[in-house]
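Chain nomenclature is as follows: A, B, C, D and E, assigned in order of appearance, with residue numbering initiated at 1 for each chain independently.
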Amino acid sequence: MSVKEIPQNWEPKILVFACNWCTYAGADLAGLSRLQYPPNIRILRVPCSGRVNPQFVIRAFQRGVDGVLVAGCHPGDCHYVTGNYFTRRRYLLMQRLLQYVGIDPERFQARWISGSEGPKFQQVVNQITEEIRAMGPNRKLRDAQ
Amino acid sequence: MSEITKKIQEIAREILEKGEAEIVIGWEKGTFWYLSPPAFIDKPEDTQRLVWDEFCHNNLSKYLLDYKNHEGKVAIFVKGCDSRAFNRLLQDKQVDREKVVLIGIPCTGLKDQDKAKSLGPNGDIPKAQKCMECKYPTPLVYDYLIGGEEALNEVAATKEAPDFSDVKAVEEMTPDERYDFWTKQYDRCLRCYACRNVCPACSCRECIFDQTRIGWIGKANNSSENQFFALTRAMHVAGRCVECGECERACPMDIPIMLLNKKLIKDINELFGKYDAGIDPEGKLPLGHFDKNDPEEFM
Amino acid sequence: MKYAYYPGCSLSSTGIEYDMSTKKVAKSLGIELWEIPEWNCCGASSAHLTDHLLALALPARNLAIAEAEGLDVAIPCAACYARCKATEVEVKNSQEMKKTISEVIEREYAGKTQARALLDVFVNDLGLDSISALVNKPLKDIKVASYYGCLLVRPPRLGFDDPEDPQSMDQLIKALGGTPVEWAFKTECCGAAHATTKSDVGFSMIEKILTAAKEAGADCIATACPLCMNNLDMRQSQVEAKFGKNYGLPVFYFTQLIGLALGLNPEELGVNKHFVNALGLVKKLLEAEGRRDTA
Amino acid sequence: MERIELTAALAQGQELLAEVTRESGVRASKCYQCGKCSAGCPVAFAMDKTPREIMRLLQLGLMDEALQSHTIWLCACCDTCSTRCPREVDIARVMETLRIIAKKKGYVAEKKMDLFHDLFLKSVEKHGRVHEMGLILGFNISGMQPLKDAHFGPSMLLKGKLSPLPHTIKDNGEVKKIFANVRKRGGKV
Amino acid sequence: MKRVGVFICHCGSNIAAAVDCEKVAENAKSFPGVAFSTDYKYMCAEPGQDLIKKAIKEHKLDRIVVASCSPRMHEPTFRRCIESGGLNPYLLEMANIREHCSWVHPDDKERATFKATELVRMAVAKVLKNEPLDKSTIPITKRALVIGGGIAGIQAALDIANAGHIVDVVEKEPSIGGRMAQIDKTFPTLDCSACILTPKMVEVANHPNVNLITYSEIEKVEGYVGNFDVTIRKKARSVDMKACTGCGTCYQKCPSKVPSEFEMEMMDRKAIYTPFPQAIPNKPVIDRENCRYFKTGKCGVCQKVCPTNAVDFTQEDELVTERYGAIVVATGFDLFDESVYGEYGYGKYKDVITGLHFERLINASGPTMGKIKRPSDGKIPKNVVFIKCVGSRDEVKGKAYCSKTCCMYTAKHATLVREKIKDSNVYVFYMDVRTPGKGYDEFYTRTTDQFGAKYIRGRVSKIYEKGDKLIVRGEDTLLGRPVEVEADMVVLATAMVAKSDAAKLAQMIGFSYDQNHFYTEAHPKLAPVETHTAGVYLAGACQGPKDIPDSVAQASAAAVKVCGLLSKEEMPTEPIISAVDEAICAGCGMCVPVCPYKAIDMKVIQERVHGKTISRKVATVNSGLCQGCGACTVACRSAALNLKHFTNEQILAEVDALCL
């Protein structure tokens, strides 16, 4: 089957690793503000974006998600002082490595979304969902099941 | 017998006789002419087994991990890349500098073992890939030095800068081409973990790929799990790989593992500034610290 | 000790006594100077006001010749020093500039040869102890205002001494047995070519320096720059006339002062070539010496 | 006093300001107008605008006013300003750059000074070195002051300080080539 | 067999309008481990909570998933709920089907219901791997340490002591008082600094809850919030504090003169000395470097004249270790070294002085008894120049920041010169006048208007001596003209800089500092007196340039934080922290530098290998310091470190559940 073929009724599934203090709160604010976005994302709450092990990201692709977003506080605003600086280093590398083995850049993204950025959360989710919808299901790195 | 072989035998004998170390780890001739596997010598008379030739590939620093609980001192021979590995192990607090005697060998580059096998002893055997790009042919740390300081200068003059042309070639492919390329490579992977077992950056007590209770990786030997293994291992050695190329040499399936490692080395240099692993045992690791002014791409 | 020697244009005309005294003194101190054959003008203060590349290229040719010989260049003239140093630093810091310059001068210059101010060479390479060891006619009781001017110390990245209160020449004077005076105009600008091109401005800049030296109680001024020399010495009478003052301040190149202290013949040092009579002071010095000898 | 409309001035000056920034490597916006440059400038007493005011004109894009000033010509390149600037602004370099641009645009507020440098470089190009006597004579004649400084002549000659004939170096035209090569690269010599 | 209960909340119609809650509850029944599933209108309301508690009992549930609003809203509610239902509160997971589902997908009930189902499935997968966690507590030592005995330290100590807690104040110098003791008058009120400071010094010295430990320095700090073990070096005073009556005979008779630091070296003190007359404790110390007895072995005059035999040459430094619950750092500031400004000739020209010299010159007990006299010849200066921003706002030779206090103290100095020397002229060279404080701008206005100080906008470029005058060259940038002043004296408004040993102390205690070595507050707006290290607070200029009112305010704020902490017997610690699996840990130490709280140390453990006992190093997490961010867990390649409640296994289970 060609990688590009998009089956009917397919809906992209996107996993968002959200830090508890900024991005999760930003998503809550989007909800409080009733900012609509497509229901394709699943938020997984972690204390800090620095908790997100790259192995979790690969695992998600293995199990069949179509896109992964790692999101946390803006650098300098980390609830845990420096966590997101490590996140930034780690995922600058990881992003390049994933692209190097053939993962399309849209499939893995990282963003800083603060607790007050409900609209930004909405906009990022809209954008990623659209990008991934246009690309079709991800089959790269995916296990056989 | 080469001049250097004579010298290493002499120094090894002296070290054992004087009791400076109880064991000397060097290389000896193996079953085939193109193999020089490690030799573990504990008797002065056995030092005549030691050799130095263009097939002394094994990174001996790795074997120090087997002697972590050994009470006495161990002496090892180090090429430039072995010495970087030693520094790395120091940085990882896996070896005690006081308990190791290092004998440095300025290395003019080794020969490609596989090509040797196919071309035969009389063939014109090329240098090993890793040696063609070696930036540190001379040992960075040693207690004794074969050939003295002059040898250092001679060898240092031969070093060549890596140009990452192989990495760039992959980067220039389309995403799908890249994926196909790597799938083809890792579909061959047997998950024998030979790459891990020889790697001096792999110093964990328990590797996560052996942690069945957490289930990081499935037992199935399929494309997906193999790639999980490849990517995870690459991230684990990121900023720590000393470019000794042992992973690739040990791989029975000829997977170009260094092509992944070099990608990370290239990116670390581009993103976070010049860094060569295993140069400064006191230094900070690229993923062990950060700079507030690191590139910002996630706005 | 061997250096390539770049005298610069002034030292073959208005600053001829600087050249004479440099050569004499270097010889006495055991410094070998190899004059760059067929050296060219460094462009001094005109090239950099006209074209940046020209300003870097003109000195580069001289440096390239010295580099081929494997020698650092000792430069008496402060202006020449500053231009040469600027070229050296730019070439050293930029591969691109190195390439451009080599193409323009059609010679190789890699930035290996260093431009060194002669004062720096004497004070820091040879060392004050070596100089004072050879002094046999100390400049006893002579109060000297060390005048560094601009270009030995500024900009700080090119200069070799403190830009606000340099000490090398003062220490040298001390080593020669003289007394350096404390004064605040050590690095104040003399106006350079302004005395020629815009004399009312130039003269009043000179006036301030001469006045400050006089007020500080100096018997004479020491300098390391032929243009400063011109302004302070040749123009002194003009400035006196214009401002109705009477300075009578002899001005020496520091090399001449070294020569005098070493006991060299004042005429061989060109002390007779100044506009403000300098021989009077020299005579006084020798007389005092004589008195001490007899006493 | 004429009122300046700031937005138009800025728009008008933008291009020249960019040129100054590019050529000098100095961003005028770094200057915080403390005046230390002008306070220490040995020629400030003779200037029509203090060096700080020149920086201010650049900040607001009032380029013509800066380029037409006498200040940029009176600057003696002594680097005192740059050395003491608390913001690491190389003001002397800005003056130098402005002077080069002013000349290109035909704004030469101090004609004599410009003439001096022209003659100087002509002498260098021709002989490889500066012929000081020729330079001073030439300068005073072209400057319509043939007798100025003439009284120094005889004593100079006597002291062996001026040679009546230029010294030309045997460099096989290398210096001329340097000038030519600089011109080939768009040099404004 | 684990038995999970799932409870889907309608939140009135907030959720139910967009999500088919009954269907979600129904779907959940098929998830592995789910023993019970239901939905209800308001789970957070009392009937809802009772429903959960009842279900726990009836269905023998051992784990609970509540699908409702954001856990940031009601996680504590439901944790309490299941705890009172008999379960460990950490056996709860929540699925956020309101903020993250119903409210953002109001128009597609089918897909919103599907999403809610998946979110519940993720929560169930996670909760199956939840472990019961217990909040532990750490005891709090009811004793505070204040480092630094300047005005900030004194204020903090007094506030803490008045709240009933014991405070130790450690001061490096022989007397408390700090910089404020050197200052003559305070702006904007011009009241005498000593008159308002010395009563505070006496109060703190006499306070039953305060122990002053002067002439002492911090040597080592270990431990964590509530339990800092601090080693203090009490330097040898060479004077027995108990025996000494402070009569002063010793320093009257001492033959060794030393320039007085307190008087900015414009006056001498003796080798046995108190820094200033109102010093507290008012008992001398011997400066051994300058004491004739210690240098030559001969003299001993002080010992001979002492009526109480208090002088003891044999005293040695003493190390004491004490445990504290909280630390206030109030170490103050140093002055910028102005000798880097060669153009100003500071150090070369005697009459170019700093503001602090000037404070001593106008002080009635200073070297000139309060008469403003030039240091060079003792003449009364007529023309006085003040230069502001010397070392401040100068990224080349000094510091890029504004020192904040100089505008005001210079205005004060200008006023005082005009007041004390009637025929004087005062020129103030400035770049900006910054007076944001109560009564500050009014003061500045009086300085120029009423007292006639001339403010010249421009930085001075050069000062040089001409005869007995100092020529000050500047530009009046408002006129655009170079100007010159023939001054008799020049006062430089020196930048405030961090203490030279500021970084050392910060590293010792374990908190961060900025590139200028000022201490970093935990949050610039919302936690201005806290550091990132729990239990360590900041007061005064060690955190950044500050004037007296700001320092005192910050000191009181820090004291409140300390009192809050010390008011409890013990402190609960969050159980969501990292833990080390020692069997796996290889001791590489990669986790140590990534921990922002310095909560990870390496320790040595013993184990038996092949019949031999060997020791090796492993990481250990300090539960008092760990805040549960999990950074270490990713740094650890072999997953020897794991974050409780967000374990690798839990997160992987969630990822897997999402994709079923």
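What we mean here is this: contacts are C-beta pairs under 8 Å (C-beta built on N, C-alpha and C of every residue); 3 or more make two chains touch, one makes a residue touch a chain.
Source: prediction; values computed, not measured.
**Q** According to the touch definition, list the chains common to the neighbour sets of chain D and chain E.
**A** C
**Q** According to the touch definition, list the chains common to the neighbour sets of chain A and chain C.
**A** E
**Q** If I average the CA coordinates per chain, which chain comes out farthest from chain C?
**A** A
**Q** C-D versus B-E: which has more C-beta pairs touching?
**A** C-D
**Q** Using only alpha carbons, which chain's centroid is the nearest to the whole structure's centroid?
**A** E
**Q** Measure off the straight-line distance from the CA centroid of chain C to the CA centroid of chain D, and report it in whole Å.
**A** About 23 Å separates the centre of chain C from that of chain D.
**Q** As a quick test, compute the distance in whole Å between the mean CA positions of chain B and chain C.
**A** Centres of chain B and chain C (C-alpha means) sit 59 Å apart.
**Q** I'd like to verify one number: the distance from the centre of chain A to the centre of chain B, where each centre is the average of its C-alpha atoms, in whole angstrom.
**A** 35
**Q** Where in chain A do residues touch two or more other chains at once?
**A** In chain A, the residues touching two or more other chains are 54, 59, 82, 86, 90.
**Q** Can you tell me which residues of chain E touch two or more of the remaining chains?
**A** As it turns out, chain E has residues touching two or more other chains at 343, 462, 594, 635, 648, 652.
**Q** Give the residues of chain C that touch two or more other chains, as numbers and ranges in rising order.
**A** 163
**Q** What's the complete list of touching chain pairs for this entry?
**A** Pairs flagged as touching, ordered by label: A-B, A-E, B-E, C-D, C-E, D-E.
**Q** Which residues, counting only chain C, touch chain E once they are in their complex?
**A** These residues of chain C touch chain E: 162-165, 184-185, 212, 215.
**Q** Of all residues in chain B, which touch chain A in the complex?
**A** Touching chain A: residues 170-171, 175-183, 208, 216, 218, 220, 222, 224-225, 227-228, 230-232, 234-235, 238, 260, 263-264, 267-268, 271-272, 286-287, 290-292, 294-299 of chain B.
**Q** Please name which positions on chain A make contact with chain E in the complex.
**A** Going by the criterion above, the answer is residues 11, 13, 15, 20, 24-25, 27-28, 30-32, 34-39, 42-48, 50-54, 56, 59-60, 63-65, 79-83, 86, 90, 122.
**Q** Quick one: which bits of chain A touch chain B in the complex? Just the residue numbers, please.
**A** Contacts found on chain A: 3, 54-55, 58-59, 62, 75-76, 82, 85-86, 88-105, 109-112, 140-144.
**Q** Any idea which chain D residues touch chain E in the complex?
**A** The contact residues of chain D facing chain E are 32-41, 44-45, 49-50, 52-53, 80, 84-88.
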